[in-house]
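Letters A, B and C name the chains as they come in the text, with residue numbers starting at 1 for each one.
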Amino acid sequence: MHWSNYLEPLARGAWVTIQFTLYSMFFGAICSFAFGIGKLSKNWILRGISIVYIEVFRGTSLLVQLFWLFFALPIAGDMIGIDLRLPPVTAGVIALSLNLGAYGAEVVRGAIEAVSPSQYEAARALNFSSLQTLWRIALPQAIPEMMPSFSNLAIGALKDTSLVSLITLTDLTFAAEQLRNFYQDSATVYTMVLLMYFGMALVLSMAMRLLELSVTRWRGTVR
Amino acid sequence: MSDPIIAFDKVKKAYGHFTVINELNFEVQRGEKVTIIGPSGSGKSTVLRILMTLEGINGGVVYVGGEPLWHERLNGSMVPASERHLRKMRTQLGMVFQQFNLFPHMSVLRNLTEAPRVVLGLSKEKARQRAEELLELVGLVDQAHKFPGQLSGGQQQRVGIARALAMRPKIMLFDEPTSALDPELVGEVLNVIRKLAAEHDLTMVMVTHEMRFAREISDRVCFFDKGRIHEQGTPEQLFSQPKEQRTREFLKAVLNG
Amino acid sequence: MLYGFTWDTGHGELAFAISILPILLMGLITTLEAAFLGFFVACVLGMGFAVLRGARSRLVAWPTAVVIEFIRDTPLIAQLFFLYYVLPDYGILFPAFLTGTLALGIQYSAYMSEVYRAGIQAVDRGQREAAKSLDLPPARTFTHVILPQAIPRVIPALGNYLVSIMKDVPVLSVVTVIEMLNAAKIIGDQTFDYLVPLSMVGGIYLILTIVASALVRLVDVKLPKRGISLR
């Protein structure tokens, strides 16, 4: 078989990979901010929930989380009489997002904590409420600091989507496995797959770099 | 003379075992310009930080405008102040920081309009108008759209003063406003404070090492050491005929240094 | 039956859990073996990458940078499949476990090379200049002056990667390695009870990573710095 014949099925798989990456980045970002800010909350319930979430999802393997959501959760649901069977797509997006969000939450927390105490003092002297301080003073300064780590996490998210092939989802890795099974031409197929992941990662890196530039524009004006 | 806008009544402040302020009694009258001088580590900045509610106290009572700052009256007894009470009290106070503490991600104009809009609920136009008047006062009208990082230290501190004034406080606290500046930039900041002192009936409390300036603008100078006021009086009294040995030593050291 | 142990499905969840614990622990041993072996490969290979990446010749440094970036940007599972299916085409027949640890090692060598590089660059320039002024040959300068100061700096970061490798070992299950997660999955497949074994694996992982992270911190604190200021 000529390599170009693999292109179309692999491209279809890559499109699934891209969608999974974007969805998990979107929901992962929401989790990152929610739990990263939650871990800094004065309310011990919010703080406790955030700490447990972060520790559990960083402390166990993504594949364990994926399998648990896909295979174990329906049984847990059975026991309490609720149908918790998740379609593979849903289980995949949830597992990827929650896992990514736990790592992202630590980035968010670290960046907010790194905002200079003098900024908080200035905000207090001007009588901002704590929510206004977070939203208008701390986050705008913290987000640029998060961007390099977020870029690494985004690449990680792209790579991690390859695991959804293990719960029957037809992403790029799954497509490759099917082609290899059919044509027994593993060298060509997997070389192409690796190059495609590499290409997607480079594009994603550039996109993240552009995002970083756009959120740090105010800094560009500093001497 | 017994309606002080600020009154410290036996105020104590300690970090662990280290006592910064010890049973301090200190009063400031409405419209008075008071300067606090003293060696570093003597607790003089702490007085301002307690007033700005950046640091709590461990004993005694602080009154601002006749009301306890760090306490609330509840059924006749004093209880620690809630955040709501602190927010209400803070509206009377404004602070200028040694390191300016401008918001680096906002333009000069937004540094001045943000709190009036968000905290006081001023309209965009109203806040902008107020900001422009203040920029006029500090002489920075042409810098409105720059970011703090593009300004010199002196300009940044003038923005810092304007930003605090934008909240229309009754009391302005200056915490070593020129200590972080290059010598050639000190003058422009002092000029702004001088103008403020002359033209407004603001109550001003300032911690500074600029003795000549303190002498010029103050109604009263307090010499602070080891968490208490050792000596106070008019600038004439304190600088020309200090009574205490420690005051003389301190003044000799800083004036010749 | 797995590893010679059978599971008890007739006496409730607790009996079931107790009966499969030895199986999961056997799986855990495989997980740890794979993690440490992969870590070792990554340490060695990563140092090789770091040296080549820092080479003075751009003809060496730049291609190395591309290779490192390529490894970093592609998923472990795809690299693993590549090795598993392509190596035999060239007559290299490794057992699945070995291929798996090799893939882990390669993936993490790319990360570790960056850690080494940062550690090496953090050694003061003055040290290099001092060595040069003493006419030490470059290779000896590297092994006896630079590395002894760089390694203590990077050990905590390397330790954190060891913890990450442990969490990536389950990927090896795709090439038939029976590590802890795969063992739990097999038990689930046969008993139709995934909840107990998978939850146990999650719990064991949590304990494992918390303990390992605490050890890394302890090593960081206790590590003899021998007069090296690290910050």
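By definition in this document, a residue touches a chain if its C-beta (ideal position, glycine included) is under 8 Å from a C-beta of that chain, and two chains touch if they have at least 3 such contacts.
Computed from a predicted model, the values in this text were never measured in an experiment.
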item	value
Interface with more contacting C-beta pairs, comparing A-B to A-C	A-C
Reference chain C; chain at largest CA-centroid distance	B
Chain nearest the overall C-alpha centroid of the shown protein atoms	A
Interchain centroid distance [CA atoms averaged], chain B/chain C, Å	56
Separation of chain A from chain B, taking each centre as the mean of its C-alpha atoms, in whole Å	46
Distance between the centres, which are taken as Cα means, of chain C and chain A, whole angstrom	22
Per-residue overlap in chain C, given as positions that touch at least 2 other chains	none
Touch list for chain B against partner chain A, complex	52-54, 87, 90-91, 93-95, 97, 99, 101-106, 114-115, 118-119, 146-147, 149-150, 163-164, 167
Residues of chain C touching chain A in the complex	70, 72-79, 81-82, 85-86, 89, 166-171, 173-174, 181, 184-185, 188, 193-195, 198-199, 201-202, 205-206, 209-210
For the chain A and chain C complex, residues of the former touching the latter	55-56, 58-65, 67-68, 71-72, 75-76, 79, 155, 158-163, 165-166, 172-173, 176-177, 180, 186-187, 190-191, 193-194, 197-198, 201-202, 205
Interfacial residue positions of chain A with respect to chain B in the complex	118-119, 121-122, 124-129, 132, 136-137, 140-141, 218-219, 221-223
